[in-house]
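Below: a set of structures, written as structure tokens.
Across the two complexes that follow, chain A remains constant while its partner is chain B and subsequently chain C.
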Partner chain A sequence: MTFRERLQAWRYNLVPDHLVGEILTKRWTDNAIPFLALVATLGVFGSIIPGFFKLTSLQESTRQLGEFSLVVIGMTVVMLGGGIDLSVGSIFALSCFSAVYVFFILEQSIWLALAAALAAGLVFGAINGYLVGYLRLRAFLTTLVTFIFGRALFDILVTAYAADVQLSQASSDVLDFIGDGTFWGLSVSVWLAIILAIVTHIALTRSRPGWHVLAVGGSRRSAHNAGIRVRRTVFMTYVFSGFCASIGGFLIACRLSGAGPGTGLNLEIMALTAAVVGGVSLGGGRGSVVKGLMGAIIVLTMTNGLIRLGYGTGTNQMVLGILLAVAVTIDIRWLKNRHKVLNEVYVAPVYLKMGETQSAAPGSGTSYELDNRLSAADHIGLGELEGPEDVILDRDDHLYCGTRHGEIVRFFAPDYKRSEVFAHIGGFPLGLAFDRDGNLISCVGAMGLYSVSPDRDVKRLSAETARSWTSIADDARLRDPNDCDIAPDGRIYFTDSTKRYDAHDWALDSIENRATGRLLVYDPKDGSTKTLLDGYRYTNGVCMAHDGKSLFFAESWACRVHRYWLEGPKAGTAECVIRDMPGYPDNINRASDGNYWMAWLGMRTPSFDLSLRHPDMRKRMTRRLPQDEWLFPNINTGGVVKFNEKGGIVETLGDLSGNAHPMVTSMREHKGYLFVGGILNNRIGRYKIEGADPNWTSPASYWGGKP
Partner chain B sequence: MILDPILDVFRGKAVTIPPLDGAFRPNTRLDDLPAFAELAEPDNLLAADGRLLVSSGNAILAVAAGSEPIVVETFQSSVTALALSPAGELTVGLESGKLLIAGKEVSLPAGIRCITALAHAEDGTLWLANGSSEHAPSQWAADLMKKGASGSLWARPAGGDFRKAADGIAFPYGLYPADGDVVVSESWRHQLVRFSATGNRATVLTHLPGYPSRLAPASDGGAWLTLFAPRNRLIEFVLQETHYRQDMIDQVPPAYWIAPALASNRSFLEPLQCGGIRTMGIHKPWSPSRSYGLVVRLDRDMQPQFSLHSRANGTRHGICSVAEKDGRLFVGSKGGDCVLALDAITGGF
Partner chain C sequence: MNAIGWPNWRRLNQEGIVFAIAILLFAAAALGLPGFLTADNLVAIVRSVSVLGILALGMAVVIIGRGIDLSAVAIMAMSVAWYLQLLNTGTSDGLAFLYVLAGVLAIGLLNGFLVAYADVPAIFVTLATGSFVFGYVRSQLITQDAVPVPGGHWVELLGGVRFLDIPVEVFVFAGLAFLVFLFLRYTKWGRFIYFAGDNPVAARNIGVPVRPMLVLRYVLSAFVALIAGLLTAASLHSINTRIVNSTLLYDIVLVAVIGGIGLSGGRGGVRNVLVGAALIGILLNAMTIIDIPLLYQNLIKAAILLGAIIVDGIINPRDEQTAQQGDI
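Moving on to the complex of A and B:
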């Protein structure tokens, strides 16, 4: 092995590249960027400003934060509904003025002042909502207009009444408490923000109106088609935003005991920046209250921090603008490219040097030598069937197979011309086995282990096993249950081929070649599923040995067959009995002469074997070429291999013409015939085996003669 | 996006090839016909003395309708190029690097060892394409996978000696004399280049969807261009992969390389691409393939007019030469072991 190759082996087998892809599949990665930004912001400003985290300093900051967060929550809801509200700043200011006017000039109670503030906010919110929701004007322009209008009105009023407010003698304990007091260490504004955040969060994630908002924001047209009243929903988001802004305005009125020209200035930009920086999508439908709050903290920390560092308003605005631009870019690029990134990084190949193999080429003289015998097989269901991965026959000679349409089809003996859908499963039924009572047990791709009773009752037996401690992707779920067989005591041994790819992407697993295949056992007595073995390169066929004391299972991409002992001194351990085959093994089943049949789903090619030693090349291949162009193992040629109890190869059958059975994933011997299936084929083959016992059947071999 | 050039460093640029569109729009015309004659690996086709001559291995055969091919002449090694002088002398290039005119060996300058095409111009000049200075014609795949660009173009004026007209050509594989110049198909660069006798070059047609091989005159002044193998994104990717490619050349038998081929899907040891998987009994005709059959009609300006195809699921692959005779087009499919005859050779897009 050259130094370079050794380096490659270390690099690709020890560095867990696959985790990047698995992390990216998680929904919470959407929150990761704003969260990191939050931590970074707090870290930077906390370290360069002395006393940033002091209690008094924090008290003032959080009071401001409470008011600001309220506004941001309103903005978040509007954005989730697919809109934007630029008028929050002016609504905030007007509500503030309304409260101040009622309290200081009219000298009414604080509660009436609150009512006035709320009224101002709701009225402006309703105007926005009516224009945007019902008249369907552009949200951006409409709220810009209300922003300008509201701001102008506020400026006029403030200039007219500022002096009167100054002279007013009105005072109230309640007002002072709201403005300056604390309750359990937190100011009223923070409490209000927390309560509103919780209520809004629950409403958005767990209530009908909240879901409507997200649905409308996600796709207006679909929401309409689903019967959601889109216009009313949009209207309500603006009213809610006005409501939030008005509470904020009331709180600042209490805190400052007045209103000035600077009240609520630039608030809309700050709120918008906060929401976007937090990760609420401008396109609508994606985001959450928590994200909005994270953004609020980031923005407020930055602006306050900059002020305390001595930078003026200009710098502040500039930083906000840059922050907004960066956030918007990341938001759009992330949304657009997330799946592309995932596609590019998900396949994380590992290094493997395959062992030297004997040739299977015709004329090579080895026991693996492929021939053309299978092309002579009769066909069953040609053109009707799609994807019979496994085939099985019952005691009455009827033939069963799964199809890629999610059905188990039954062909009737003796000529197998007539067929019916025996049961509809939904997923792709792969491995099949009959238990003692004649129930058909099936491994269903991407779903789990299922049982179909003779009365066609479909029952799920298992869909999960224990989760391993170090997994990022949820490996409790059975991702690609592939083949099963049943021990004399009724326990069902089955394989889950890979943790990395869904059943229909099974061939992609060969490119990656990561050892994540498992052998599992389902116990019908207590319904439990246990993982027996883990870390094989695509575990595939399972077959109980004739004496029922051990089982054989195939490890496809490593071209090996292992024996797992159920009892005896080696119970619970596996040993490799066949290694370095020239083909990739699939299902294994019993043969009448005490040997075993094994299907080859494909053949090794020198170019693919070499690529396994070049994981970097495969990595680049998956990133630079579309999937149709990727180098695959040759799964256009397969075969059927017979091996004995000790793992010695008896004979090999093939279809080198490629016309009838280019690849073989299963075969089942029954009364002197071999029934052959293939996951990518459109037929089942029936091949007369020379010299086979014409009375031998698999159900009798497993469960004895007819009851 | 403006960041693409920066990101490309990390993620690598997508490997792309020209699409089969316009004049190259696929059809199945080469697979629709019964074989005109069946013989092993027909390489060069030539219409001479009212006969159709075809080179196959060491032999030149005369092929006619309704009869077995008749051996005209056999040689010490494979015939790699064939042409007819204005005087009617048969000019033959051999795998061993020898050149015979009317049966007599012509001494060649030392640089010529890989004769891939010969053509007599009307003014009596004999043009000779020397595919590579390192490999014999049959080792073309090695030349491509080693990124060879050592081919040269030679000219022998009437009564003169061979002179090198140009070198540094990436496998010149076809010649078409035109007005004192010659159009050369430069295979590994997927283009047609026009050379003057003094070596001035001008590209005529670029971004071909396959590897161009020989050119043959068409009756109304244009030309027929054969493309002996398709471009394939995996192969172009492997050409950029230094270590894998080197290991492949060193350790894998050439027949099983990830490289263009004259015929494919003959052994299960050949590489397979995802799109080439047989599903439900179907081999997709548009799937990526190492071999293909493609003949292109070029107009007087060497621009493509229409094309004849044998697609990925067809068998008339590896077309290295065609000849037009009496309004019929004869197509030699080296990968399909047959010669085809097309009557209505019109088309358009």
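Moving on to the complex of A and C:
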């Protein structure tokens, strides 16, 4: 190994590049940016303003924050529904005036004042909702106009009644408490904001109306087609926003005991900036109440902080303008480019030097030498099948296989001309096995481990294992369950090929070559799933040894077969029994003569082996070339290999014509025939094995003769 | 009515209705209001809508290209305020004007860049830059709300220029309207604006430089705002930056929308601006003669604008199937 190559190995195998992509796939990264901004804002202003974190100072500033947060919650909900509400400032002001009018001028009770404020907000919100929701006007301009309208109305009312309010003698302890009191150290407005935030959060994430709002914001047309009442949902978001703003208005009426020309001024741009800075997406569908609240704290801290620092008129607008422009631009660019960034950084190849292998070329004289025997196989279901990854036969000689449509298809003995859909599972059923009671166990790609009873009941056995503490990606979920086999005690041993890619992205996993394959066991007694082994390059086929004391499993991208001991002195450990094969191993199954059949899904090529030593090249390749020009493992030539208990190769079968079985992912011996499946093939092959036991069947080998 | 051709009088459209209302209103005011139908008052009407009309011309070009410029008033007031502040603190005229011109073009470019190349919705970009321009100039560059024009400066003299007893801003409005009319109807670039406003993707596919032209429109709009600001300062001998917080911005949108320029772009022209300006001018003048307080005038204008938007929404309904996600 040259020094340069060693450097590459260190660089790509020790630096955890893959973590960047895994972090970016997390949904909480959306929250990370506003959260950091929040911490930075509080840190900066907290350190330069003396007494910022003092209790009394906090109580005073959080009082305003409570009112503002209420408005922002309403704005957030409207924006999640794909709209915008610029009239919140006017609603706020008018509600404030309504409360003041009822309390100070009509001298009614404070509760009637609250009702008046709420009524003003709900009516105003309903008008907005009707115009935008039912008349389908543009939200921005419509609410801009209702904002001017409401503001003009408020200005007229305030100039007309300001003097009367000043002279009013009305007072109330409740009003003073709402305005000035605290409850457990927090003011009423903060409590109200907290309660409303929690209720709204639960409604948005866990209730039907909340989901409707998110669905409409995410895609209006799809929501409509799914039967959601889009117009009513939009209408309700504006009513809710009016409701929130009116509570805010009522609170400020209590705090200031009056209404002035400045009430609610610039509130709309502040609330809009807060929501966008917090990460609530323009155009809807993405965001949360928490994000809105983070934005509210950032915006209010900045604007109030600047006032307390003594910056003059206009500074607020300047800061709001910059914040809004930056946040909107980041939001739009991030939404547009997130998946591109993710595609760029997710694939993080590692270095691997594959061992020298023996030739499999015809005439090379090695035990791996491919021949043309499989091309003579009969075909079953030609053209009817798509993707029989694994095949299996039951005690009555019926033939089962999975298809890419998520179905298990049964071909009837003896001629296998007739077929039926045995069961529909979904996903992509891969490895198959029969348990003692005749249940068909299947590893379903992208879903998990499933069982189909003889009377076709589909049951999920396992879809997750224990989460490992150090992994950033969620490795509890089974992403690519591939093959399974069953021990004499009934425990199901199965493989999950990769933690980083979904089943259909297996080519990316091969290019990355990171060792994330696992061997797991499902215990039917208590329904638990445990991870036995981790860190293999695409674990694939599993087969119980004939004595049931160990199992063989294939490690595809490393071209190795391992033996895992269930009993005996080496119990719980794995050892490599075949290494450096010329082909990529797939499923393994028992043979009648005490040996094992193993499928090769494809053959190693010198070019791909070389590229495995150049992770930088593969990284550039995935970034700069279209997918169909990538170099990845050859899957156009495969075969079937028979090996013995010690790992010695007995014989190799192939299809050099490339017509019938160019790639093989599974084979099953049954009564002297070998049934051959391939994940990209359109048929199952039936090949007569010379000299095989014509009575041997797999169910009998596992579970004894017919019960 | 075709996109930019002559009106089809047989089909009633918004522009026709508004024009008819304006004439009716004019007739009613002429008959009912004393002192309305005098030469002085008519000049006053035209004069009062000149600045509004000039700003609306800039807005119209932007709206036809499926955009909107909410920063126009901020640019108008703050650029001139800064210019006058520079003059008052002794900067030479040429240098001061150069600074201001550079600033105005920079904001126009920023608007255009963010809209065209960062794909940020125009409403948010211009809302943000408008807020920023006001805040930055007010807090960093000028010291008080109103900045007076220095005595004897050309801006002051400009305000006094009369021709046939008609103030200069009327001629500027007329001249600009004619120029914009020529630009939109008879130049390749003008036609391209309609293409881009009607269907930006198709325009891009046939090779129209959609993005550079977007930038151009916002720069034009900013430049028109500067002209309007200079004229305002000329007639009032000072500029009051509080105008940014007034409803002037919505009056501009009102003039454009009520004249029949669809907010979804690709429709309308200079004639629509003139019709809209006529109606608003007559309306404001009549309200002032009747002595309706300014606050109630705002209420009435808001109601009219709301009506105009509702009518616009009915005449140019948004197509659910082709509307862009996030088009608010």
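Please note the rule applied: the second predicted complex is superposed on the first by the 647 of 707 C-alpha atoms of A that agree within 3 Å, B and C clash if a C-alpha of one lies under 4 Å from a C-alpha of the other, contacts with A are read in each partner's own complex, and residues count from 1 in each chain.
Everything below uses one rule, namely that contacts are C-beta pairs under 8 Å (C-beta built on N, C-alpha and C of every residue); 3 or more make two chains touch, one makes a residue touch a chain.
Note that this is a predicted model, so its numbers are computed, not measured.
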Clash or fit, chain B versus chain C on superposed chain A: fit
Which superposed partner A:R220 touches (first chain B, second chain C, both, neither): second
Chain B versus chain C as contact partner of A:I23, first or second or both or neither: neither
Degrees between the directions from chain A toward chain B and toward chain C, using C-alpha centres, nearest 10: 80
Chain B versus chain C as contact partner of A:M603, first or second or both or neither: first
First (chain B), second (chain C), both or neither touched by A:A115: neither
Chain B versus chain C as contact partner of A:D155, first or second or both or neither: second
Which of chain B and chain C A:T315 touches, first, second, both or neither: second
After superposition on chain A, the shortest CA separation from chain B to chain C (Å): 5
Chain B and chain C footprints on chain A, overlapping residues: none
Residue numbers on chain C that touch chain A, as the complex places them: 114, 118-121, 123-125, 127-140, 145, 247, 250, 253, 263, 295-296, 298-299, 301-303, 305-306, 309-310, 313-314, 317-318, 320-321, 323, 325-328
Of all residues in chain B, those that touch chain A in their complex: 11-15, 232-234, 237, 241, 243-244, 247-248, 251-253, 256-258, 265, 267-281, 287-288
Footprint of chain B on chain A - complex, ascending: 4, 344, 360-361, 370, 386-387, 507, 603, 605-608, 610-611, 613-614, 617, 620-621, 623-637, 656, 658, 662-663, 680-683
Residue ranges of chain A in contact with chain C within the complex: 82-84, 131, 135-142, 144-146, 148-149, 151-153, 155-156, 159, 219-221, 224, 269, 272, 276, 282-284, 311-322, 324-325, 328-329, 332-333, 336
